[in-house]
Amino acid sequence: MMLMAAAVGLGFETCRLSADTNTPLVAAAASLRDAMQALVDEFRQSGGGRLNLAFGASGNLYRQLRQGAPFQALFSADESYIDRLAADGVIEDSGQIYALGRLALVMSHRSPVTADPRLMDVSAALDDGRLKRFAIANPVHAPYGQRAREALENLGLWNRIEPRLVVGENVAQTAQFALNGATQGGLVASSLLLAMARQGTIKSALIPQSEYTPLRQKAGLLAGADPAVPAFLAFVLSPRGQSILERYGFDPVRPSAAG
Amino acid sequence: MDWIALRLSLQLSLLTCVLLIPPALWIARRFAWHRFRGRGLAEAVVALPLVLPPTVLGYYLLVALGGESSLGQWYQSLTGNTLVFSFEGLVLASLLFNLPFAVQPMQRAFEGVPVNLREAAWCSGLSNWETFWRIELPLAWPGVVGAIALVFAHTLGEFGVVLMVGGNIPGETRTTAIAIYDQVQSFDIRGAGIMSLVLLGISISAMALVFMTGGRRGQ
Amino acid sequence: MSSTLGLDVRLHQTLPVPLNARFSCAPGELMALVGPSGSGKTTILRAIAGLGRGQTGHVHCDGVDWFDSDAGINLAPQARRAGLVFQDYALFPHLNATQNIAQALGHLPRADRVARARSLLKSVHLAGLEHRRPADLSGGQAQRVALARALARDPAVLLLDEPFSAVDQITRRRLRRELATLRHRLGCATILVTHDLDEALELADRMVVLHRGETLQTGVPAEMLRKPANAIVARLLDQRNLFTAVVAGHEPGLTWIDWAGRRLQSTGRIDLPIGDWVDWMIPAAGVLLHRRDRPSRGERENPVQGRVSKVVSLGETLWITLRVDQTDPSPRRPLEHPLTFSLPEHVARRNDVEVGSSITVSLLADSLHLMTPVTGR
């Protein structure tokens, strides 16, 4: 029986080796979960080639990349990590900004707190006890978490809200926390609102750009990447790509196609 | 339904069983019947993965196998790929964190074989190998079966160490457990539910099959 | 190094059990190792089989060195032609009787093993039980399978470790009889470890008495019971008439001793000066009752008078315990053990021997055995 298991295992191994490892792997920030999948699908359908995606907090992806993870490109949620890669000579050039991200307040429709751009009701709810827990992404690893902290500080809420924070490992997990019954709301990437709305009715508001450092989402390609990868980046920057990003709640950086 | 992730999980579990059980059997037998200096310490080291949180294990594995380590660099010079974030790295990590699940049930089983049976075998002219193959192993077999079942099921379900050492690379290190986590984060609750059910079904069937065929023999 | 046939053993050990044993056993001879628990009997047996460790000395068998600590030789059990029957049989629980025996038949071609195993089973009267597993065998049957397995390799030495201690009395007697018959056919040297003296008496050609690892005496059992080497051996052999006296005089063919105020004579010789302490014993058979109507006047008979303190009936024999009248008790010695002897029941009745009655017995001088006292008793 052991021999059977060995044969099966080895059989699998040879299959595996021939299968997926040739498809280029692209790392993308968690805020791009839905948008990236749409872009990759459209890219493939128009004959650009297959790409695999790996998601996570930008900081974690950066760390994995430095440790040797086989990513051929990193679509980060802001500039900082790409700039570091450029300084270390890991990426080909200084990177490309492909979208502008927006921070959004979101809560489930069952939450006793209502959404407004300057978090007024959140502030009131902190005082009258309606708000017990609030979700943000980890400010150490996730750009959206950093911006959330910035915004909360600038809006005068940080000291009061800090003891009540629930920290998500990346902004997608933060969206999970914001919707499940454990918190009464959270700050997430506006690009995730579409997917969240599919899960149930939500209340949301975009935080004014003035309250946080802009999320200039930058992408970097590694040297020697498969030709499909720079082609994909070009697609993302094309009007078609930018309009997909816009649909998912990002602000375009290049002219987008109509519709 | 992520079939690739399922295939990866099964491969990892099978490979771990095949590669780990024979050396673990040797270790278990030595622990059971030989008194040697430092045995207590050796047993404690083997038992470590039982008590350490997966993150601690993952951390040390990253240190030992990562790009900065001598092992990692040797592997990289050999194959051009990193050891972490690769399936091979996962297999290596799996062999280590499954050690107590393999050794301990077998050690208990060997300890349960009375020493005078081995002596009777030697006095009957059986060599050490023959004694092992014909007397010790059949009597310790339920323990071996238990170890295989435990290692298989435990590897199927391992999450923390796999995530830290393997990352989440589709087709390479995204096992079913990771894929489920991923799907939940993508709000694909239905997909996560399907995969969880499949994993549950496989685990139960594997354990049942192994216990039905292997247990209770020779008793 | 020895070229004689049979087994020659000399073993020494300090820890964990002290051992200083020496004996030999000829082919065809059955030798009993007798002694209390902890005297090292099982250790010696295991050392002969090859399962010992930490001893010095030698074990030679049929001219082959199995173990010689000086020469650095220590053959593995597989390489020795010894058959060991364990106290708890050590049968392989997952194999049936035939397979158990077949494990010891590796020296035969595969095709012959089953047939030979079957014939061995038959020789121990277990034909028909070939396919039974040990769990389904009675104690006596398991014992026989263990014996057959030990005999399968045609051993030069058969080692039996208290083989009958785990079965009931009746089965034990039957197995003993079977062993007595079997071993004459076998022709190999047999070592039987037992703490049952009756067993040793019934089966053994010769006996070794062990105490705390020392071989105290080797000899024919009946001889040893009449003439133990010293008081320790006498006690180990359950000789109850064991006393201390003072040497009173030497004569050619006679020794006089002073005991309990009497002067007794023995035909035995002892190399002790007058005035020294001497241990003496007399087997129950050497104590004869004086008939009430005809007191004995024979020579060399050491008449002694006393009061019956206990009468124990064992079927048709009575065991009498006699408190000897002390005419001059030595204040420094404690009161001696009483004398014990046996009588057929009808003789006791005819002579009015009952608790409290006063009787006279003869201690036959040629049964009265003298022993040098053991220092530090």
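When the chains are written out, they are named A, B and C in that same order, and each has its own residue count from 1.
The rule we apply is simple: a contact is a pair of C-beta atoms (placed from the backbone, for glycine too) under 8 Å apart; a residue touches a chain by one contact, two chains touch by 3 or more.
Keep in mind it's a predicted model, so treat the numbers as computed, not measured.
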**Report entry** Farthest chain relative to chain A (centres taken as mean CA coordinates)
**Finding:** C
Query - By mean Cα position, the chain sitting nearest the middle - result: B
Report summary line: For the pair chain B and chain C, the C-alpha centroid-to-centroid distance in angstrom is 57
**Report entry** Chain centre separation in whole Å, for chain C relative to chain A (CA means)
**Finding:** 90
Requested in this report: Please work out the Cα centroid separation of chain A and chain B, and write it as a whole number of Å.
Outcome: 35
Query raised in the report: Touching chain C in the complex: which residues of chain B?
Result: 114, 116-117, 119-127, 130, 134-135, 138-139, 217-219
Query raised in the report: Which of the residues in chain B end up touching chain A in this complex?
Result: 4, 7-8, 10-11, 14-15, 17-18, 21, 62, 66-67, 72, 76, 81-82, 84-85, 87, 167-172, 182, 184-187, 189, 213
Query raised in the report: Any idea which chain A residues touch chain B in the complex?
Result: 1-2, 5-6, 8-9, 12-13, 15-16, 19-21, 23, 25, 30, 33-34, 52-56, 64, 66-70, 170, 172-173, 175-176, 195-196, 198-199
Query raised in the report: If you look only at chain C, which of its residues touch chain B in the complex?
Result: 49-51, 76-78, 82-84, 86, 88, 90-94, 103-104, 106-107, 149-150, 152-153
